[in-house]
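Across the two complexes that follow, chain A remains constant while its partner is chain B and subsequently chain C.
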Partner chain A sequence: MASEDEINLLVIVVDVNPIWWGQQAQREPELTLSKCLDAVMVLGNSHMAMTRTNKLAVIASHCQDSHFLYPNKNWRGGDNGGEDASSSGDGKYELLSVANNLIAEEIRNVMTKTEVRGNSTETLLAGSLAKALCYIHRVSKEVEVGQEIKSRILVVKAAEDCARQYMNFMNVIFAAQKQNILIDACVLDSDSGLLQQACDITGGLYLKIPQKIALAQYLLWVFLPDSEQRSQLVLPPPAHVDYRAACFCHRNLIEIGYVCSVCLSIFCNFSPICTTCETAFKIQLPQMVKPKKKKLKQST
Partner chain B sequence: MDEEPERAKRWEGGYERTWEVLKEDESGSLKATVEDILFQSKRKRVIENHGQVRLGMMRHLYVLIDCSRSMEDQDLKPNRLASTLKLMEAFVDEYFDQNPISQVGIITTKNKRAEKLTDLAGNPKKHIAALKKAVDTLCVGEPSLYNSLNLAIQTLKHMPGHTSREILIILSSLTTCDPASIYELIKTLKSLKVRVSVIGLSAEVRVCTVLTRETGGSYHVILDESHFRELLMLHVKPPPASSSSECSLIRMGFPQHTIASLTDQGAKPSFSMSHLDNSSGPGLSLEGYFCPQCHAKYTELPVECKVCGLTLVLAPHLARSFHHLFPLQAFTESSVEELQEDRFCQACQGELKDKIIFTCPSCRSVFCVECDLFIHDSLHCCPCCIHSQSTS
Partner chain C sequence: MASLSEEVLLVVKKVRQRKQDGTLYLMAERIAWGPEGKDRFTVSHLYADIRCQKISPDGKAKIQLQLILHTGESTTFHFSNESSALKDRDAAKELLQQLLPKFKKKANKELEEKNRMLQEDPVLFQLYKDLVVSQVISADEFWANRLGDMNNSDPTPYNNKQDVGISGAFLADIRPQTDGCNGLRYNLTADIIESIFRTYPAVKQKYGENVPHNLTEKEFWTRFFQSHYFHRDRINTGTQDIFSECAKQDEKGLKSMVVQGVKNPLVDLLSLEDKTLDEGYGVSTTTPSTSNANRTVKESSNAAIIKRFNHHKVPFFFSSETSSTDGNSRDSDFFQPPVKKVRLQEAIEYEDLQRENRLKTVALNLKKSDRYAHGPVPLQSQHYTTSQDIINSVNHIRHEMVNYKPNLTQVLSSTAASSAITALSPGGVLMMTGTQQAINQMIPTEVQGELKHLYAAAGELLRHFWSCFPVNSPFLEEKVMKMKTNLERFQMTKLCPFQEKIQRQYLSTNLTGHLEEMLQTAYSKFHVWQTRRMLRKT
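Up next, the complex of A and B:
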């Protein structure tokens, strides 16, 4: 019977941009990075406690790199030899305590050892999402025959969007949509147009949290149930997604534009040369109507 | 008469000792060689020429399906027609996934005549519904290449010059019944810059060879059903644009999705223009996309507005084609023994168990075989290169 259970894999991508979190600690000391990770750990534990076959993975998305907090490369699943740190004194389910300890240790390593280059407050989510998709792809190949696996990704975003990653982000979204992987988004600070599009295209939930201190409550209420159970709950309504394109020349949102047929760049005004691919366009001239010569009727 | 170099036919070549490809190892098992062969066939797809070739993104493709008596043959299960229609449904799905702003039309030919199954349209649902219904058609008579090509040309010749005009013929019969010389029609096709490709289900037919050679298409004959599917999927990728196709700026509209609830003041339910033809589907609805020029409502995009003629698309539709324009370069192969550091794939964090690993040329990260296939097939971007882009 155990082999007929569905495996639910939840991958949590946490935005740990140290510059944003540092500023946040000065603005509102109630919500710090450690409290945020506590809330994420609560969600992870609850997810693993729902069914025995549920799986979890946590990725920390830093400014220039992303690291897997759990499962760790150095930790082999099921390796019980001599792991004194894993057995907790209060009789907690061992898998949960191992996960918590690993996450705490790894995030300490990541935050202390990773050096911050530049002072951008933007996070590169596209890279972390791409790694999450590769991980999901590997896990789905490793399940036994006959077991189904359903995966979803939850993104906890703090800092602003990085506009340079638009194309990579869209590639990742389409890859996720093709593999039927939901992308949910829990946004702490500023609205993110990219994540709104991601949630709309893949069918996930987008939520901007009104009160940051209650992060754990929102995570458990909205993002713990999986896609089948969501149809029976009344969840926050979908956000209005702006799908208008931005023109390449001014970055304004336009409703009617001109698209180059070669490189698909969008312009708001007609110009004879495409600035991206430098093709000269053929301009349609209005057809000249020649005046018809009237034939003189020969009167017979 | 013929300028083409005569290829050696298969029966003219020497003996191929196909059994020598398989080699047994010490225990007598063939597993290693079978895995090797599968791996090579997977890699074949990835190693392609990712040159800076201009691709035809907006495509108008007509698929001509032969419905003559030879389609009732049962060499493809359950019969050729059912198998073809099922593969066509998968093709239509993949096609619109890779080319969201293109259009497809389906024409069938039987009993020496040709008729349109569906018109050129950008919505996959209509085509799939028509294909599902077509399973019951009777296969009689002979196909007519001339009539079906003529029918396709009549629509394709009005298409604007910057789009690519293509025809894909699935021909199973070895004969065709034409009212006039097909070589004249081939000249017309060439002058209209239409590219014709053929997938033969029975055997190679000379007329098709000439047709595809003159118009610049490809001709293949299937070996079995999986080969059929492979050949069909070859036509999903956008073909290189011919040098004679014009480039122009196309005027497009990007409508907003309006969702109004009943409690909103002034929310008026309205009809969608796409439902004017058929009465199926919901009539009045509150939400939809309004054309920015004439405010006609549509429920699904991409579509060409029936009232004002503006092409309506969403920004993600254009974004779907970006990976064709900026393709990911192939990764370099190397052996796993050369790796000094920990043997972990940097994308999926799995151990590198295979003998071969792949390295991205720009960021020098190491990936395993599965991740390499996944990255090149679906992701189209290297996970580690995205990070290094930020510092530049």
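Up next, the complex of A and C:
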């Protein structure tokens, strides 16, 4: 049970890459972007319904930009609120209906403004995460003095990883770790090494869903409880993360390699000159050993 | 019976032990007693085993000597010769006093060392218990390597004996006891005598001159304590005292040191004076002549204490300059300016407040900095989407989302939900990896602890075993064979019962697999070595 004073902020980053979703709609029509957004909305509503002080934010991560679906600037208007509340008509908690309507409206706007561009087909996830961190930071500053706020980020990922965003991604991860912000990941299609690392470093949960149509169930079961409650529940155990680095020359994953002491670039074979910073190195060849040498104790 | 080669230092007849008459023999390395009429010794103690000896007080009827051993046992000898019992006993006591210290240090030191090592290191202690107490290897083997390592690598602080300092209150500690009728009794031990000699070298000199020619030791010390030299007054009355010369010598010594001066240019001893501000805070002009007489009386009573303080402090004050003064005393004037400068500089500069000298750095010169942009991630197969695909997808999505309306009542079907729940419940598809991680929670902690001890013991034995290779000398050959039998014994006595125990507890995990593997490697190595040896011999 959270104390009265504690505010829990959940930021959901939804990957709305139109290319992937468009192709997905043709591959498996069971889960479309609409269904996905419905499931996310259900999670958002549940989160806000848990405690009055819970807050929500939803960011759409597109290949052109990142867009805040909720809350957005149009919300503050009082007359708008009145109309929407009466229009829903089913006696729903006002906050929830307002949120849902806003999200729906925004996503419609975002998707209709999608332009066709050949060069950028990848989701700008690192940027969305950075925006989420900034939002969390702003909210924690706006809160009253003495009030605690706990935040976490949930990433619903659809498309594949983008290797070019590696640096920014890692920076975001470490910034989140410093701020004690959990990053959870719900992956729909292909495993994402970057998100696995993010979850491992910040202490969040990484889950790749076996059945896409049950997305809502997975979201509610695994990602609705916050970090304190998770310790009391039996949730999927953390997966083993492959932290092996790839060598700079071949981009193969290696376990043991050579590292240049000047520029820290990793190589799988020794070369006398580092190709990145052009430092020369000498290496001692192993000495000739006598044929009868002591057999070292084997260690496994 | 004593071996013929043993040298007998003293024989005392008519010594009783346990109410039996007999003879006491003091030999080169041991003390022994045999009953009268028999040739064998019933009691024999090595000097190394004796912790200390005690004698009965002078007044008692029975003249006895007691030996206390390290183990705590004690043996009492009663000297029953009517005429010479006391002399015999004293002779025995003196001889023992000389001999015991020689043997004492050797035995103690080793034992103490071993005990200390065992107490300090609980891992070593456990190893000792596992290996020696359960007789897998003998204690000598155990200590053979350890003590060798200690002596070679780390010269223990016990070897470097520091000089024991003199306690500041030692003179006060010699509390005299009243002897009944107006006399005082001082108890002097060797330590106290040494302290007195170190504090007052003049007394040592006098001791060397007078004892034992002119005075006995007892007389010397009596006179010492009687002399005013010892007491606080230090009023040099009468020259009958041999110690008055000491006082004069001390004064001369002090004066010469003051004249010699301190080499610290910032300190000027000669200008120090006892200046007191008289009444009027130094402003008044009262004639000092009237108070002269008073002053001398006061001065003389303070002078004694001041002299004592100076005598104590002077060695400290001047000893700090010994390193620099010895060579430079002649050229002190010539060298004075630099020394003074150094001193002044020392006083005004602080090293850590000065600006740091930044090291010159080299700029990083990267030729291919784009390598860092993607970081050390492996190359992943790119999905290449044709432009046609892109256009199609975008159009499709746009079409779909134009009329998006959230339909929150139809988000999830019950079958989908239940299958998801099954996957997420314990035992489901997603929960499988969890059980494998709990191995250290499944095994009880005592079993874990025992396993750790087994590993430590096995590691020790294997270390001895593997250090024998390559086998160059017959000593190593023997050791290898011994270690192999030790390993086998270890396996039988320790490892197998442990395995049975965990099997009985239905712990299915294989905890001892690795240990067995290590032992098997050792056995196979031994086997190979043995066959090679056989081939060489034939």
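In this section, the second predicted complex is superposed on the first by the 258 of 300 C-alpha atoms of A that agree within 3 Å, B and C clash if a C-alpha of one lies under 4 Å from a C-alpha of the other, contacts with A are read in each partner's own complex, and residues count from 1 in each chain.
One rule holds for everything that comes next: a contact is a pair of C-beta atoms (placed from the backbone, for glycine too) under 8 Å apart; a residue touches a chain by one contact, two chains touch by 3 or more.
Predicted model, so just to flag it, every value in this text is computed and none were measured.
Partners chain B and chain C, brought together by superposition on chain A, clash. Of the two partner chains, chain B is the only one touched by A:E255; chain C is not. In the superposition on chain A, A:I273 makes contact with neither chain B nor chain C. When the two complexes are overlaid on their common chain A, residue A:I201 makes contact with chain B while staying clear of chain C.
In the superposition on chain A, no contact is made by A:A49 with either chain B or chain C. Legend: residue contacts after superposition of the two complexes on their common chain; A:R164 is shown touching both chain B and chain C. For chain C, the stretch among 257-265, 347-355, 365-373 or 401-409 that collides with chain B in the superposed model is 347-355. Touched by chain B in one complex and by chain C in the other are residues 118, 164, 166-167, 170, 240, 245-246, 262-263, 266 of chain A.
The touching residues of chain C, counted against chain A in their complex, run 364-369, 371-380, 383, 385, 387, 389-398, 400-402, 404-408, 410-413, 416-417, 419-421, 423-424, 426, 429-431, 433-434, 437, 462-463, 466, 469-470, 514, 517-518, 521, 525.
Interface residues of chain B, counted against chain A in their complex, comprise 54, 57-58, 97, 161-163, 241, 246-257, 259, 292-293, 310, 314-316, 318-323, 325-326, 342, 344-345, 347-350, 370-371, 374-375, 378-384, 386-391. Chain A makes touch with chain C in their complex at residues 18-23, 25-26, 32-35, 37-39, 41-42, 45, 100, 103-104, 107-108, 111-112, 114-116, 118, 121, 160-161, 163-164, 166-167, 170, 193-194, 207, 210-211, 213-214, 216-218, 221-222, 234-237, 239-240, 245-248, 251-253, 262-263, 265-266, 275-278, 292-298, 300. Contact residues on chain A toward chain B in their complex (touch as defined above): 63-66, 68, 71, 73, 117-118, 120, 122, 124, 126-127, 130-131, 133-135, 137-138, 141, 162, 164-168, 170-175, 178-179, 197, 201, 240-246, 254-264, 266-267, 270-271, 274, 279-282, 284.
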